[in-house]
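So, here's a batch of structures to check.
After this come two complexes, each holding chain A, first together with chain B and then together with chain C.
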Partner chain A sequence: MIDVKSRISSFFIFNSNFGPKEGEELKRILFFHPSQPGPDARKMQVGLCEAVVKFMSTFSSEPCEALQTQTKRYIFYQPEKGYWMVLVVRIPYTTKALSAIGESKGEVIEPSVMHDLLVSSYKMFRMFRGPFKDISCSEIYDTCEQFFTPYISSRNLTNDISDIIQGINYLPLDKNSFFKVMCFIDLLEINYPDFKCVSFVFNDQLIWNSLSKDDMLTLYQYLVQTLLPKEVEKEIQGGAVTAAQRLGRFISPPEGIQIKEDLERLAKLHLMREDDSETREYYLIVYRTLSATVCFTVDVNTNLQLEAFKSLDAFIGPQLSNIASAINEQCTIHALQTAQLATSEHKFMYFNRLNLAFKTSPPINKLHPSMAIKPEVLSIISEIHEGRKSLGNYGEVIIKTPDEYWITGKSSNEREFYVIIQEKNANLKEIADEVKRICEAQMKGIFFYPM
Partner chain B sequence: MASTSQDTVSSKTQENDDLEPGACPESILNPADTFEEFASEMSSSLQERNVLCTKSSTISEIQSEIAESIAEIKMRATKSSDDLQSKDESMSASASSSNLLEQDGDETDDEKDNYLQSPELVNKEKHVFILSSAGKPIYSRYGNEDKLAGLCGVIQALVSVVEEQNQDILRSITTKDCKAVFLVKGPLILVAVSKSNESETQLVLQLTYAFNQIVSVLTLTQLNRIFEQRRNYDLRRLLSGAERLIDHLLIFMEKDPAFLLGAVRCLPLPEKARENITNAITSTCNKIRDLVFAIMIAGNQLITLVRMKKYTLHPSDIHLLFNLVRSSESFKTAESWTPICLPKFDATGFLHGHVSYISEDCQACLLLLTVQRDAFFPLSQAKHTIADKMRRSNCLIAINEALNRNENLPTTNPLKHIAIPEIRHFMYKCKSTAQLFTSDPISLDRLQDYRLRHKEGGDICVKKIEKLSDIDYVRNYREFVSKIHCTSTPAKLIFRSNSNDTVLAWVTNGFELYVTFDPLMEKDQAIKAVDRLLRWIKNEEQRIFIMNAPTF
Partner chain C sequence: MARFRLKDSDEYYLHLSDQPKRFDADSPVTNVFFDDTNGQVFTVRSGGIAGVTVTSMDETKCTSFQMEDRGPIISIKLSLDQKILAIQRSQDNPNATVEFINFKDLAPTNVEYSHTCKWKNARILGFVWPRVNEIAFITDHGIELLQVLPEKKQLKNLKSSSFSGAWFSWCAQSSIVLLAGNNGALLQPFSLSNSTITKLQKLELDSSRPVVERDVFILRLCEATWCAVFRHGNCAATAAPGPTERYKWGAGLGLVGSLATVSRDNFVLEASSSQTSQVFDILEESKVENNTVIHIPIVAGNIMKPAVIGEQMCPMYSGTWVVFQPDYIIDARLGCLWRVHLSLTGLAHSVPKEEIPKLVAALLRRTNGKETIYRILNQLVSNAGSYLVELSKAFDEINSIYRRWADMEVARNTAGQAEGARSPHCFRVVLSQPEMCGHVLQAHADHGHIVQVVTAYIASLSRHDMVVQHPVGELCVRTLVTHNASGRLRALVRRGGLGDSRPLACQLLSLGHLDKAAAQLALDMMWRLKAYEEILEVLLSWDEPVGAAGAARQAGAGTWTALPPRKLLAAAQQHARRHSRPAAFVAVYHALVARNERTRGSPHFLKGEQCDSYIEYYKQLTMEQ
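Up next is the complex of A and B:
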């Protein structure tokens, strides 16, 4: 596990237009993490970044993406014109003296992973606080502080293949169970027209969603990375029995909805629902029973009544609990089947850009760290993923590393498939055949060319 | 076929022992891997770098060995240090090492912006700027250096802010379509701004070459001394003429895979012919005591290299010699006597070179490099003797046939001769001798053609490619070479197949091989084809490589 906090040298947001005059440089810095460096050190860092951005703009119309020095990598992201988010990561490096005594390089965090971290942090910010430009000058410093400080310190990366590509884990269901979910959602929306169901998640797998792919990814990440882990922890502490006895509850706002004041604690989201033509504000309401979690949105202009929530609770509770039990049963059967299938020790990963569907071989067992994938291999996969354009509409690449890892990447239209095989004395043909077997076993019916 | 096609692309170790075309026990070239060397350069810390030590001089070593008390080499330094004293301080340094934001001041900035957007500079695929550490422009690939003073000031400020305030070294800045790579070497700052598909490492390598080209004209000793004496010195005064060398070198590096692989291309010749040429040189020169290297080249390819025992040349030094010969028309008309510094061999001093073409009817060029300053006449005489011997043994005809790519030679059109229709292009490097062979040797007139084409622009143009030229293939190999040699995640083998082509890149202890096949090539077919290809190279190795390492 890579401890992101220890690797992040600094993280800051600046906009040069906020303090255009000399002596006002500090005003340009909207947010700076960590809080230790004094104003001079901050000004210097931001000044360097401003100069770098300006320098590159004379040669390229594309925004600056990265600055590499001997010991650090600065990753730039300009989500809105003039607003720059910069993540500075220490990169382990060896000097001649160190390499002479065989000191290792240490783990490297992939630049693309760090870039994704920046992008998703902005998207999360925009979903919960709105775009930077809509926040007034007087509020923006506090808003950023309140949002990004906890965000940065809560993030960690497991150094697993799932970090390289940000996708959504879908739960495959049989027709009947899926139909039950659909009926439940339809019935609910007809009875409570103010409430719009935006997603249905089981454990950490998505079953249904009505948001656009980008918004969905952000909301999904919020649920499985932030909200649900806390909730699961509470359930474990509270004892399994009590949790099962209760039919269901509102988990956002965190204290549930009991009294009128709770309604004021509802989180607001900035997003575009199906029939919207622009981003609007909505209340987010999350309801959970057993392992099933349902998200609703309500227009912020709606007059909220405590009664409506009480009746909604009574309506959803029993129904959702039935559905959750049914799905749970199915998952158990499915898990048994895949347990037999997953005897192969080779790791794989599938990603479909169109619906962000993401599937990997069973995640590494935390008890067996030796099963973890080497960072070098991850880095090669991440390179293939970054450079997938070189594969065209369909193509494949097979790479062999000095320590006998064979990494295969396939791309067909918007789908990608990766397999890692560690095998001594294999040849290209044997590896290709093995990949084909894995592809057929795990990805039945999904077509990759060349075979 | 004894070895099955299986183990060709699989178990490398056994295979290497059987088949390593071109390998020979002793090499004329120093096969030190440029990439590894570069990697160590990349990992040097700031403190380590600042002590740019000049190693003990190989040249003085030779001189003392010869034990003839020659007065110490006095290089052009005497002359140039006079230059140094001369007044001319027209341009005050725009360098402000401390305050970057001040540097961004309006007038400099506008001027810089406008000039960079002018037709002579905009839309170029690759810019190269060289400036002194005080921020004074020395070289720009395009445009006029004087007008780039503002830009150079900004570059200098960026470099020094990272160094002084962050105790760090600036390496590169990237956008989606563009990379800026920085290299600080001694008193110089070199920057490449490129929209090509070259990796950061490959760009730094090119900047290192450009630096070496300057060292080759001045020696490192002189370069350092100049800036020790006057930090603000305008180096352009000493480099007049060298700009053209750098221009040509930059084009050369973009086109010739020799740079990509850190290897030297040899002119394919029958074994006997090469032996005769080598004998002509050794028999003539063995009496000339202070001759260090005798090198014969033609069309950027090495014909033979005879050397003083114990000393070898690094491929990058030979590349500089290729570049020097190719860029200087004057060598064609007269015998020349010129000081040459070979940075890898000895960056601190000059060798003296007698450079001449063998004859009017043969485009082979002979370089005789010595540590003697006044050996022109004995070397000139030696050259004529060598030329006569070569003519008598029909070597000139052999060289001309190879240069004109006579249809009957198997090496003229290797792909046709190998007869594997699926192979579109390949390049092969023998690692132990640092020599390479490609399926489409670049001929003289074609290189000329690149230069002409280049004069027109160097602009980025999106063209619909009908048929790939060998240069396009080499362009495609760049990313494979960089992945294979990546320091953090190297690869042994890459097989990539898409609807345009199939590329196999394979590195073993003995060789590097890059092959382009038809699209969507089957793996077992590719394995078989590579097997046959290696056997063909093995068969022809005496012709396409220099398999011995003659000494005087």
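Up next is the complex of A and C:
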């Protein structure tokens, strides 16, 4: 929905407590993107936001969320007390003259999507660098610069439904293959008690996770959006993958683990495991064989030994490649089975708030861009998703747009289900029946409160 | 190599009876005979004048008496009911005769008679008592089966069968006599059961390699009778059970010298003059090479536990030992009768780690193997950190038997008795899911690796396509929740690893207050189980009256029409008041009115349904609108 490069006007983080005196305003700005505007322009923008936030606090105890002007939309997010993250997006606007003759306003950017972007960027920051408050004043500017500049420019949001709802794509897997994965993890953790397997990803689909719900999403996004695409690219080029590495290799740190110095390059993450009660620091180790990627955490206080990693490599490599091929086989069978199912031309979306499972109808064929979902429709879904209060724990809404789109949103038992149907001359009953049919076909065995 | 040692297990897996039965040793004036049918040792002093002592492991079969010496005895045996003594004397006698003495209370009466074989010039090789009051003379001309009528002091011929044999071998458990003809190249079995003689299919051996008497045994193993033939050259033993199957099993372990076998259930124990014993499991699925099934010993060869006689150590594997089926060992020089005992725990005394699953598999084929398996498993679970792989394989062994047993049960129940007549010998030990829970898993509920162990067990059940039964499911949920592994529990439920069942759904539901996702899964499961009425109750308790009304309608016409409206209306009213959502009440009310209209033709509630206050409330709500 957001073309980051052209649409994000600016993205900045400030804390008013960092330079309370006049003339120290620049100190308050922890990070500013893009880098072009001079200090004065920055001060102006941040100053405006500071003022708005401060002003709004007199009306409500809740922090201010957004500000819209004729040309820009500001989204505020205060992840930690005093620290504000602000995303500013240009919005297309029309002059009075144009709107009078019925010209469209152009794409509207959903505040919720912008807000999600802020939240996920903060979570990613916290995972890799820890909370803002734990970083000293002297380091915070550099730390933010190092993290957010590449992060913001790498965000590549496309115009797709998957950006409205941030979820995790789980791999459907038969129970025996799943047990294989489980038993592999158990055996590994028993033999290497320092290493805890926190996630098992196949291609870009999750099979196993043992992180808390929030961190699971962030780590999953890091893997799927940042780490794995790079690795896949390397594998396609073939250069980095020598025959010796074919069985499996460490991909984080990126150069693998061959010598003692590599151990110092291990990423340190702030994570909360499922059985933890608080966030702690862990080394992150990622191992990959064929399409299977396994992430381990090791407590930062552990004395790391190169031998342990070598033996781990020897242990995992052959087993994981067996499992990966077995899963691959299952996936092929599964893919054949689903291909035989009559594919519905209607699009649907499913989201489970409790395990963040997210599933959509098969992705749109790239050759038929006309099949892509219109931004208006997306924004309606986004509104239903965001304004879940309107549906409550349990409810269903059917919305018809002027251009013959029927959008159905269902909420029940912490789950959401959306169907988009484009059909002329349909009536409400037909749509409701069709939705019911799709729901039964696609969501077998899942209980939606009956109407 | 890591070895597994079962705690408190016997050091030797084979041992002789603690106290041997003593009898007078063989000497010039004393002759010792053994009857393997009754397990009795006869010591005949001075031809019987100085007394005959009968010794047996069974105290009720011991006695002593005196009799006249009428010449050297070749064979002496009491009948199965201990009421007739049969004696075969020296072959010098031109007529092949067997003498009989009637017994009463284990003492001879003065009633004596004799019977001569029907074939002239025949030589009696021996005689056996296949049944009470039935005796078979085995001669070099054939077998003669006779009925003994002790009161009339005579014998009646029942059946006879001609065969020219040189020696024979007898198996009391299966009543099969094997006669060797053609200089030991042709073995002909006869079955003497049912008061008749049935000629079984003959066994022809390579005529260039005939066998001698001491190398042929008839074994009763796994409810089948086997003829064991020892081949010394390559230390292989051939066995042919029944008429058609023919196996060879070999142990290429370089055993030299005489071999003796003792058999129990499915196990064959071989003792050799190299002073070690080995245990083979003939039911073990082993690879076949050149038509030969190669069995390797279950565990490494070991010596028998040294036995003592009185205060003195007894020479083991002595050359004076004679081994009889099924498990007797006699040392006539010392005058000792032992039985060989196999200690199952002793088998696990020192096993290479990798062979634990194999041992468990072997124990599963032992009638009384269960206890030992429990002990092994319990010890493995306590050390799950080092034995997870072996444990998982042992579970596989247990569950593959369990699966086959379950299949057989199903087949028997569906096809009736005709199919089920097959002998159950494959299933000596079946460890069911409740048993595994009760004897193994439950005891380790606090063990650090119990989560992994339970997962391994369920994984094994799943690999064998077994449905997880309630005790295991319940234990699994309890274990995972108490060990902070509820994420794993949810994943297992989502992936179908635990299967759907009402008890499981209820258990998950009860976890709902700690873990919302568990309750979500519980409802899904109830939905799949079509437990609409339970869903209705759950939704009512969750303050979701509209959903509850929907669930009631899904439950089918019966539930929906019989549903007391008060229950729903009360919940809806409470919900409407609490959340100020009158629409919820109105919706439920309308649905019930529509139901009344359809079922009774009138929208009104019945008097007995006591809905007046809700009708009031409805009016009040609609008025406001």
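By definition in this document, the second predicted complex is superposed on the first by the 428 of 451 C-alpha atoms of A that agree within 3 Å, B and C clash if a C-alpha of one lies under 4 Å from a C-alpha of the other, contacts with A are read in each partner's own complex, and residues count from 1 in each chain.
Quick note on the criterion: a residue touches a chain if its C-beta (ideal position, glycine included) is under 8 Å from a C-beta of that chain, and two chains touch if they have at least 3 such contacts.
None of the values given here were measured: they were computed from a predicted structure.
When the two complexes are overlaid on their common chain A, residue A:336 makes contact with neither chain B nor chain C. Applying the stated contact rule after C-alpha superposition, one finds that A:58 touches chain B and leaves chain C untouched.
Contacts of A:401 after superposition: chain B is touched, whereas chain C is not reached. By the touch criterion defined above, A:300 lies against neither chain B nor chain C after alignment on the C-alpha atoms of chain A.
In the superposed model, A:275 lies in contact with chain C only, and not with chain B.
In the superposition on chain A, contact of A:314 is made with neither chain B nor chain C.
Once the two complexes are laid over each other on the shared chain, residue contacts for A:412 go to chain C alone; chain B is not touched. When the shared chain is aligned, chain B and chain C each come close enough to touch A:393. Considering which of chain B and chain C touches more of chain A, the answer is B. Annotation: chain A residues 393-394, 450 touch chain B in one complex and chain C in the other. Of all residues in chain A, only 173-176, 178-180, 182-183, 186-187, 189-190, 208-210, 274-275, 352, 354-355, 393-394, 412-415, 445-447, 449-451 touch chain C in the complex they form.
Those residues of chain A lying in contact with chain B across their complex are 22, 25, 44, 47-48, 50-52, 54-56, 58-60, 62-72, 93-97, 99, 105, 108, 376, 379-380, 383, 387, 390-402, 425-429, 432, 450. Chain C contributes residues 384-385, 388-389, 392, 449, 451-452, 455-456, 458-459, 462-463, 484-488, 490-491, 494-497, 516-517, 520, 523-524, 526-528, 535, 539, 544, 546-547, 550-551, 553-554 to its touches with chain A in the complex.
Touching chain A in their complex are the following residues of chain B: 6-11, 40, 43-46, 48, 100-101, 103-104, 112-113, 116, 127, 151, 154-155, 157-158, 161-162, 165-166, 168-178, 180, 193, 195, 200, 479, 483, 488-500, 520, 523-524, 526-527.
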